[in-house]
Amino acid sequence: MHHSATKTDFDRVAETIRSLGFKPVVMPGAERTAIGVLGNQGPVDTAPFQDLPGVLDLIRVTKPYKLVSRDFHPANSIIRLGKGIRIGGRSPFLLMAGPCAVESPGQMLKTARFLKKLGVPVIRAGAYKPRTSPHSFQGMREEGVRILAEAGRETGLLTVTEVMSPDQVDMVAREIDILQIGTRNMQNFDLLREAGRSGKPVLLKRGLSATMEEWLASAEYIMLEGNEKVILCERGIRTFETATRNTADLAIIPLVKSVSHLPVIFDPSHATGIRALVPSMSLASVLAGANGLMIEVHPDPEHATSDGPQSLHFKEFRELNRKLQTLIGFAKTKRLL
Amino acid sequence: MHHSATKTDFDRVAETIRSLGFKPVVMPGAERTAIGVLGNQGPVDTAPFQDLPGVLDLIRVTKPYKLVSRDFHPANSIIRLGKGIRIGGRSPFLLMAGPCAVESPGQMLKTARFLKKLGVPVIRAGAYKPRTSPHSFQGMREEGVRILAEAGRETGLLTVTEVMSPDQVDMVAREIDILQIGTRNMQNFDLLREAGRSGKPVLLKRGLSATMEEWLASAEYIMLEGNEKVILCERGIRTFETATRNTADLAIIPLVKSVSHLPVIFDPSHATGIRALVPSMSLASVLAGANGLMIEVHPDPEHATSDGPQSLHFKEFRELNRKLQTLIGFAKTKRLL
Amino acid sequence: MHHSATKTDFDRVAETIRSLGFKPVVMPGAERTAIGVLGNQGPVDTAPFQDLPGVLDLIRVTKPYKLVSRDFHPANSIIRLGKGIRIGGRSPFLLMAGPCAVESPGQMLKTARFLKKLGVPVIRAGAYKPRTSPHSFQGMREEGVRILAEAGRETGLLTVTEVMSPDQVDMVAREIDILQIGTRNMQNFDLLREAGRSGKPVLLKRGLSATMEEWLASAEYIMLEGNEKVILCERGIRTFETATRNTADLAIIPLVKSVSHLPVIFDPSHATGIRALVPSMSLASVLAGANGLMIEVHPDPEHATSDGPQSLHFKEFRELNRKLQTLIGFAKTKRLL
Amino acid sequence: MHHSATKTDFDRVAETIRSLGFKPVVMPGAERTAIGVLGNQGPVDTAPFQDLPGVLDLIRVTKPYKLVSRDFHPANSIIRLGKGIRIGGRSPFLLMAGPCAVESPGQMLKTARFLKKLGVPVIRAGAYKPRTSPHSFQGMREEGVRILAEAGRETGLLTVTEVMSPDQVDMVAREIDILQIGTRNMQNFDLLREAGRSGKPVLLKRGLSATMEEWLASAEYIMLEGNEKVILCERGIRTFETATRNTADLAIIPLVKSVSHLPVIFDPSHATGIRALVPSMSLASVLAGANGLMIEVHPDPEHATSDGPQSLHFKEFRELNRKLQTLIGFAKTKRLL
């Protein structure tokens, strides 16, 4: 719409969209406001709109997503996560860290205090664990959620944990600050919708073999519920190479950021599966343009219930954190990004 | 356990398993009965079992599955689907066919009558449609389930449809004969468990990028709920090749059948995405050892709401069915399989 | 060109093509003759041709190949291999078999006599072996070529072996009937050209991660040297699945055959890497439309210098051959293909 | 061998290796000297060596490579490229840049002078171009080699270009400083051997779908000819993702460097195929531990004969170079690597 478009202009466009059986979505931006047409199966006839007052341009969108696209929302999204912490745009680079799984209150509290001291604002840990085999440890479930939440309250950290099923969303959303959708559930559409409806920030991991387009279309499911707080997370894709657990697709980070206004973080632990590769890949992701990192760290990786070989020791994490802070400050000052 | 093992022998073994904190599962077979140890995270100490009476052998299983394995269940599983129809072992080759999506009662009834006349015993159609984009047609949902069920009742066909979320299982299980788990949900573990608990036959599609081992481990989730009626379905995997929608992995069929006792069917429509390839690949799968086929057929593919390009016209399906019946009879007579 | 086009018409078109800096290639067909424009980097201006007498149609070809395409050569190619053996179109299904590598005169003669007795017309064996590691057996090279050739002469079988380098082509072409280009050399363009120039039939294996389009473009390199005797061979592609050595892409066979006039065979030994899968996948490939098979068989697979686990024993091959002959005859009679 | 091992000790070990039919290779290192056993097909009996004087340890190597491994050569290799330029270990980060293809003397000289002014020590350009289609531009071949060499002489830059066939090696090695083996030829073993024999530094690109192990085994072919000047180049791998031309596998860089002593560089142009992604991925690779970069830059990318969309404009390259120098200096000072 034109800068000068009036409320009457907007209403008429919205009405016309509805009269064709579709749903109008108003998308305000810094410079101009767009109106999206949702619900159409194919091309929409542009004729009814061409001469409506206030209409500046008609953009045909053939992508499986609209709301996540920069076409409709040119400025970077900035997402408020709580306790003054934000991600996206020029917000500070955001670190999330913690063990793969919640194992005990002691383990969580120890980790939370360690992170707090380093200034890491978000603690992660899995309560519901999606495991390939039903014979593997399935997580502490509800109890794990409460232990994580308690560690967060005790230390003032924000918390993030995975939800695996729509019926877990309510309970987790009451206790935890950020909902994570895991790689295996990237196309669990009912879960996406339910997470969207919760209104909580949603961290959406890329599917094991998801194209960029499918990933963004999944983010669209969340946004379509009116929830604009979506954080994308690259965590490696499945390829023929077995030397690493997955193949870290760092180049997708700047590409997603050119296409979408959403923030993107990187998970070097799952992307590589090898502890020794986590530091260098974390640093590399800063320059690839990531808005943050999610890193596995454990007080005793050798005895972790899962993902021990890819979890950092506290000492290693402290050293990595030092390097990250040094690099981030420098990259900002020198305009490397 | 030995042939000659007594009930007391069995009980003692089961008790010993429980005393170690694990769960015993009795798996009767034609020749001998095995007792599985479930719930262990790693190797189990074999010492407590070595001298128990009735114990024949201690088999270490390192695979992420046990119940689906031939090690514990050497004979082919034969699954009763209802109305006298079976699949697995020496049961007749089983055809399932129908449109991608339920679109209307007329479309379903027309298709059902067509299949009935050809002797195809199972009709398929999607009511809940997992679509990459939220802006695409999402299926007729509950109404679609009822339309499909009604077409089944009217013609005496068995019905199969996809469930996408645990909370759909109850309703669908009441109306439909076979529950399908789609490729995107192969690792939606709560859904697998819920489908397992329904007691209904479950058709488990292979995930887009699932290894054979992961696929079988997902089947294990269903069987672990006490549901032995699992049918595996190869539907193509994601590779670098884009000339076909997916890459049909026919070789996995004989490989799965050597490892597992479960029946395996093939879906040539999704595996190729190209109508013209469906007939030859269907015939090929018979000799690869498939126990059946699931084929997309539509009264009017050019106007289908989804997957039109890979759906057969009635005439094409009739011709393919003729070839299939000819081939199957011959292959059996000549012991080609 | 029109049916009625005269030699003068043809000459004028050819001259016009040359005047634009390109190369005309006359491609005669059963119904009409086409003239291809080769050497252009992008779209060619059609104006100079529009009004030339005899010109029927101007077809824009954006594919990376022309000569291999059905657009220019609608009828199936039939390739004469020598000794009355042909492949392609309605020629008999063609079996090629033999060990992975030439190991000794005794091994080759034993195998050749075995195949001869079964009526298999072509023996294969590697003399130059492309091995991942330089520390592995590299083949008997020139000596191996001579041993294979001698076994062929002794038994009257046709021979096929791999050439790895342009400078091997001359010698191999003098001794052997069919030159094989291996999967690792599918884009060794100088080798393709040299094999093309030899005038010998060339069996072109699909590259480990080659798309159909790239594979056909490589065949084009051979045909562009004036050699029309190209046989394509699907031998499995590299994917994330490691349960089989490669993923057999059977669906590519009917797809290639719809796009190209060249014959396509299947190599179930490399496609699966597992002896037990070879029989069923061989039979399946017949119905997928393959024109032949290349199968590894060895007098003593347990002591083979390479690929033992995927080589059939003589007894297994004899049984597979029986099934293949039975199936092929039936498929032809019943018009299953 | 022990530090204190004498020449007699070495000779006796070498003799014993030969007596078993294998080839001894002496590999001197900073701290101790190892003797490799080459040519064995499987495990070698260790008994004959156990009691030989001077023998410190017997290491079983099951990898398809030995010479490239850190097991035998723990210290980083430093490769002298000529004109005082080195790569590897603590040598300065090395930039190579230039157009995809040699197009004309003017284009090369313009590029060479531009690079010289910026302090970039190596110019790249393709003379022999491996193209999927025989109908695409195949490069200026011999003439291109001479044009590149002349530009190098004129400006004092080192030169690098691809060789596609063994018979090109001699001529190219006389004119050019570094031989490049392209991704399609990573397993063109005769070419690897010939490049090895040339004694020139060899830049070995990773194959399109090569595992790390296969890549290192190809490097072993070169080293086995006595040529220790091998530079590895990660240039993206083929995956299901088509949003980028290839998938940049940055994590393989630190992994290769932990396994091998050879230097590794990164080619962001081919890895992404998108100009806009080249700067951020170049910077990221510095922190992933790359020893250098090979970047496509062209005076007029819009009119390049190939790879225009992934080539930087001069202005973009200048800006990237500034950022790279800034980052490299900082990373060294702050010990980020």
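Observations, loosely collected:
Should a chain be cited, it is by its letter among A, B, C and D, assigned in written order, with residues numbered from 1 in that chain.
Quick note on the criterion: a residue touches a chain if its C-beta (ideal position, glycine included) is under 8 Å from a C-beta of that chain, and two chains touch if they have at least 3 such contacts.
Please read all numbers here as calculations on a predicted model, not as lab measurements.
In terms of C-beta pairs in contact, the better-connected of the chain pairs A-C and B-C is B-C. Using the mean of the Cα atoms as each chain's centre, the chain most removed from chain D is B.
One simple way to say how far apart two chains are is to compare their mean CA positions; for chain A and chain B this gives 34 Å.
One inter-chain figure worth recording: chain A and chain C are separated by 48 Å, centre to centre, where each centre is the mean of the chain's CA atoms. Annotation: 37 Å between the Cα-based centres of chain B and chain C. For chain A, the set of residues touching two or more other chains reads 209, 213, 238-240, 242.
On the side of chain D, the complex with chain B involves touching residues 209, 238-240, 242. Chain B makes touch with chain A in their complex at residues 38-41, 64-66, 130-137, 164-167, 184-185, 187-191, 208-209, 213-214, 217-218, 220-221, 224, 238, 305. Within the complex, the chain B residues that touch chain C are 209, 211-213, 237, 239-244, 247-255, 258, 271-272, 274, 276-277, 280-281, 283-289, 323, 326-327, 330-331, 334, 336-337.
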